[in-house]
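So that you can tell them apart, the chains are marked A, B, C and D in the order they are listed, and the count of residues begins at 1 in each.
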C-alpha cells in the first residue's frame, strides 16, 4: 500500500446543533472529493473533528466512509486519542471494517517523552496489520515529533510506513528525506506549504481544500510531477490566500462555512467550536469567488 | 465559598497495569493530604490524570473523593473536557454529589477563540450553582487565556469566582490583580513560582507537593501570610529543587514514584504515560532525602 | 565593593536633534537620582543609549558622570560592545577615570557560544581591577546567558562579582541563588519583576524609574528589607502600570518623555529611535499623575 | 539595476589575530566567487563581519571590493548600523566609490517600531541614488520586518527596489509575492531554504556557499530556472548538509575554516567570535568531501 497525490479530508457534518451526525451530507462530501480526483479519502482527521466525537460516533463515521468509498480509492482513517488503549481499540476497529490505512496522532495532556511516543505507536502497530501513517501536528495535538524520532519509528516498527508532516517547517521534510535517503514517504499536512513540500519531494498533500476548490489541489500536484514549475507556481499563488484563510480560521469551521456557500449545508462544528461569523463568511465568499 | 491556602491534588492510583482505579490507595492519599494541613482537596486535576479517565471512572473518583473528604475541607473537582457537552454533564454530576467547587480547564484540539472560550464557560456555569475556578494551563490544555479574558468572564458570569493560573508567568497574576483591584482571587498553579505568587497576593497555592513533602507547602504559605519573609524564602529554596523536578518530569509520574519511595504503592500512570525510570527514581530519592 | 539597594540609570540627554550630548541636563538627572536615595549611579546602561554613542562620546559621559557623582555613591559604568577589543578599551578607560564598577553586556550580531562569551568576559576582566557586573538582557543584546554559564564565570573569573538579570524570568534568579547557595549577588533588571526579585533574594534593583517617580523604588526595596510585605505589595502595584509602560515603550524614549513632563528637557533619543508620540505622552502623563 | 541569480558573499579576512584586514586574501576570494559564476558580489554582509569593523575598515573593504570586481558583475555593499547617522554616511560613501547597490539591515539594541524602521530607511534612501536592498535577518539584527512593512517601504521609497529575506520562513516570501503581485524582487537569504525559495519565485539566492562549494549554488539556481525540478532537488539535497552546518555554526567562522581546508588561509573571525574548533573542522572536512 503506497499512497501518493491528494489525500482529501472530509468534514464530519452534524445536525441538530452539533449533536447528531449527518451521514447524508457526509456521503455527499465524500463523493465530491472523489469526483475532484482525490487519490485517497481520509475521514476522521483534524478536519473531521475526530477528537470531538464519542467512540461510538467515531466508529459509525469510519464504517460509513469505508462503505461509501467502496474501494474506489484507499481510505485513511484518522485516530487521535489520549490513551494508548483507546487508540488501539480504534486501530483494531479500522482493520475490522476493511480500512486501508490508519493515520495516528498521539494527542497529549501531559507532554510525552520520545520513549512514551514510541511505546504508543508500537502498541497500536502490534494490534493491527494495517499500514500506519504517523501524523505530526504539534499545534493541535501538543506533541511534537522530531524527524529523528519519526525515522526511528519508521525503521523499527514494520507497519509504520508513511508520515504526514503538519508542523509547517519545511526543514523537517528535508531532514526526513535525508535521514532515509528519500525512502520514507512524507506528505505535506500544512496547506500553505504545498508548493514547497511537493518541490522538496513530498509524496503528496493531505488537504481539506478539495471540499471547496475542487480539482485545483490535484492540478498543483500534477504540475509539480510534470515539472511545469511556472504552472505550479501560478496554481499555488492562486489557491494560497484561501488555503491560508481556512487554516488560520480553523478547518472544520471554515470548510463547513465554505460548503454552505457552495450549497451544501454541513451544519456547525461541535461546541465549543463555533460556526464562522458574518465577517468570516464574507471574507471566505470573496476568496472563493476570486479563485 | 472562598478558598485560601493550600489546595492539594491527589493522584488517581491505578491497579492492573493502569486499567482499574485503586480506590483504597486514593483514600489513603486523600487522608495524607488532609493530615498535612491542606485547606482543600482537588481530585481529578492534571495530577489526577483527569483527561485520561473514562466518563464513568471520572464519576467514580469524584464521588469517592467527596465522600472520603466528608466536608472536613472543601472539595474542588477538576473538569477537563474537549466538548462543552461533556464538560457540562460533569459539572452537573459534581453538583449532584455535593462537591464544593469545580475547576474547569477547556482542553483543545482546534484553537479556541475568546468567544468560544466564553461560550464554553458560560454554558457550563448555567448548568450548575457551584462556584467555578477558571484553570489556565496552556502547556497541558493548548488553550491560553489572557488575564483580560479571565477577568471578563469573572465579571460577566456570576459563579465564576476564582482562577488558578498555571502559565508560570507572574505578570499574568499582576494583571489579574490590577484589572480587578485585587477582587478576583487567584491561585498559583506553577509550583516553582510559589514564593513569588504568594508575595504578589495569591490567595493560595494549588499543588500536588503535599503528597510528597507533607506540610512544607503549608508552612511556606503561612510564613508569607505572617510576613516572615526570610523564613518563607528559606522554605521555598528548600522545596524548590523537588518542585522543579516533579513538574518537569510530569506530575502523575513523579508523584506516583515519590509515593512509592514513601511506602505507598500508587501504581503507574495510564499509558502512554510511563512510570518513572531508574534514573528518575534515584534523583527523586536524593531530592526527597535532602529536604 | 558590594552593592545593594537601588542602582539608578540616568538617560543620556542630547541636544540638537540627537547629535550632541547635553551635559548640563545629564548633571541635573544625576543629582535627581542621588537626591532620591539611589545607592549607586549607572551611566551608559541600556537607558543611557550606551550602544548608540561614539567611542568618544561614551568616554565623555563616563568621565562626566564619575566626576559629578564625586564618590557620594558608587558609579557603575555600562559597557555594551560587539567586539572584545572595544569592550576592553572601555574597561581600561573606566578604571582610569576611577569608576567603581563596570557592568558588561556582550551584544551580538552572530550568536556567541558559551566559550566565546567566557573568553569575552575573561579578556575584559584581565584588563582591569574593577569589579564586573555581568549583565544579561537577551531582548536587547541578542545574547542569552544561562544561570549555569553566569555562575561558572563568577567562580572562575575573580573580578566577576555580581549579575544583573534582565531576562524577566524569575526562575533564572532562583537558579543563580541555588547554584551558589546565595553567594552570587544578583540584581533585578526587569522593572515589572521588582517585587518578586527582591522577595526571592535579589541584592537590589537596577532601574531608571527613579528618574520619574523619585523615591518610590527605594521605598519598595526598603519595605522588603524590613519585611513589611503588605506595604511592599502596595508600593509595587502602585508603580507597576508605569514600570510596565516605560519598559514596553522603550526606556530612553519614555524616560525622556517623562522627564519633559516633569519639567526637565532631555531632548530626543538618538535616531533611528524616535521621541514619544502624542498618545504615548498622554498615557504617560496619566500614569504619572495616578501614582 | 535588477539583480538575479547568485549574489555571493565574501568573508572579510584578518591577519594578526583579527586586528588587520588581509586585502590580498580578500581579493583572492572575490576572484574565486566570480570564477564560480556569481551574478553579483556582496562584501560587508553578515558573512563579511560588517558589524565588527571600524568605520575606517568598512570603507577600505568597500572600496577595495568595488575596485577588484571592476564592474565585471554588480557590487552590493552591506550596511548594518545601529544609528541612522552612521548608516547614512556609509550609504553616501558607497555611492562615492561607485558601488552598484546597497543592502541595508537596521541592527537594533532597543526594539524599533515600524515608524522608526521606515524613518531609518527613508533617511538613508534620501542620501543616495543607489538602489537599496532591504535586508531582513531578525536572528542577527534583532529587528524583524514583516512583509507588510517591507512592501510599504518598497511602494513609498523610490530607491528601495529589492529585498533579501533571511528569516527562514517561506511564508514571508509568499506574502511579499502576493502583496506586490510578484513585482518586488525577493532574494533568499536562508541557505537551507534555497530550493523552496527559488521554486516560490525568488529572483536569486544570497549566499556565502560559493566560497566553499564553487558553482553548485549557481547550478541549483539554473536548474530551477530551466524547470529541471529533479535535477534541482538532487543538487539541493547534495548541498543541504553543508549549508545547514555552516549556517548553524556561524558563517564567518565556518567559511573561514572551509577556505583553510581548501588551501586559502583567511585567518580567524574577529573576537569575541572564535575560529572553528577541531571537531567542527573535522565535520566540515567530511561534509566538503562528501559533496
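Note that contacts are C-beta pairs under 8 Å (C-beta built on N, C-alpha and C of every residue); 3 or more make two chains touch, one makes a residue touch a chain.
A quick note: this is a predicted structure, and the numbers were derived from the prediction, not measured.
Chains touching subunit A and subunit D alike, please list them.
Expected: no chain.
Trace the shortest chain of touching neighbours from subunit B to subunit D and give its length in steps.
The fewest touching-chain steps linking subunit B to subunit D number 2.
Can you report the angle of the rotation that maps subunit A onto subunit C, using C-alpha atoms only, to the nearest 5 degrees?
About 180 degrees of rotation relates the two copies.
Let me spell it out: compute each chain's centre from its C-alpha atoms, then which one is farthest from subunit C's centre?
Looking at centroid distances, A is the chain farthest away.
How far is the middle of subunit A from the middle of subunit C, if each middle is the mean of its Cα atoms, in Å?
Computed from C-alpha means, the inter-chain centre distance equals 51 Å.
Indicate the whole-number Å distance between the mean C-alpha point of subunit B and the mean C-alpha point of subunit C.
For subunit B versus subunit C, the centre distance works out to 39 Å.
Could you grab the centroid distance between subunit A and subunit B? Build each centroid from C-alpha atoms only and quote it in angstrom.
34
Touching two or more other chains, which residues of subunit A qualify?
Where subunit A is concerned, no single residue meets two or more other chains.
Once the touch criterion is applied, which pairs of chains come out as touching?
According to the stated criterion, the contacting chain pairs are A-B, A-D, B-C, C-D.
Would you pull the subunit B residues touching subunit A in the complex into a rising list?
Counting only subunit B, the residues touching subunit A are 19, 46, 49, 51-52, 80, 82-85, 106-113, 115-117, 119-120, 123, 139-142, 250-253, 269-274.
Residue numbers of subunit A touching subunit D in their complex, please.
Those residues of subunit A that touch subunit D are 170-171, 174, 177-178, 182, 192-193, 195-196, 199-201, 224, 227-230, 232-233, 236-237, 240-241.
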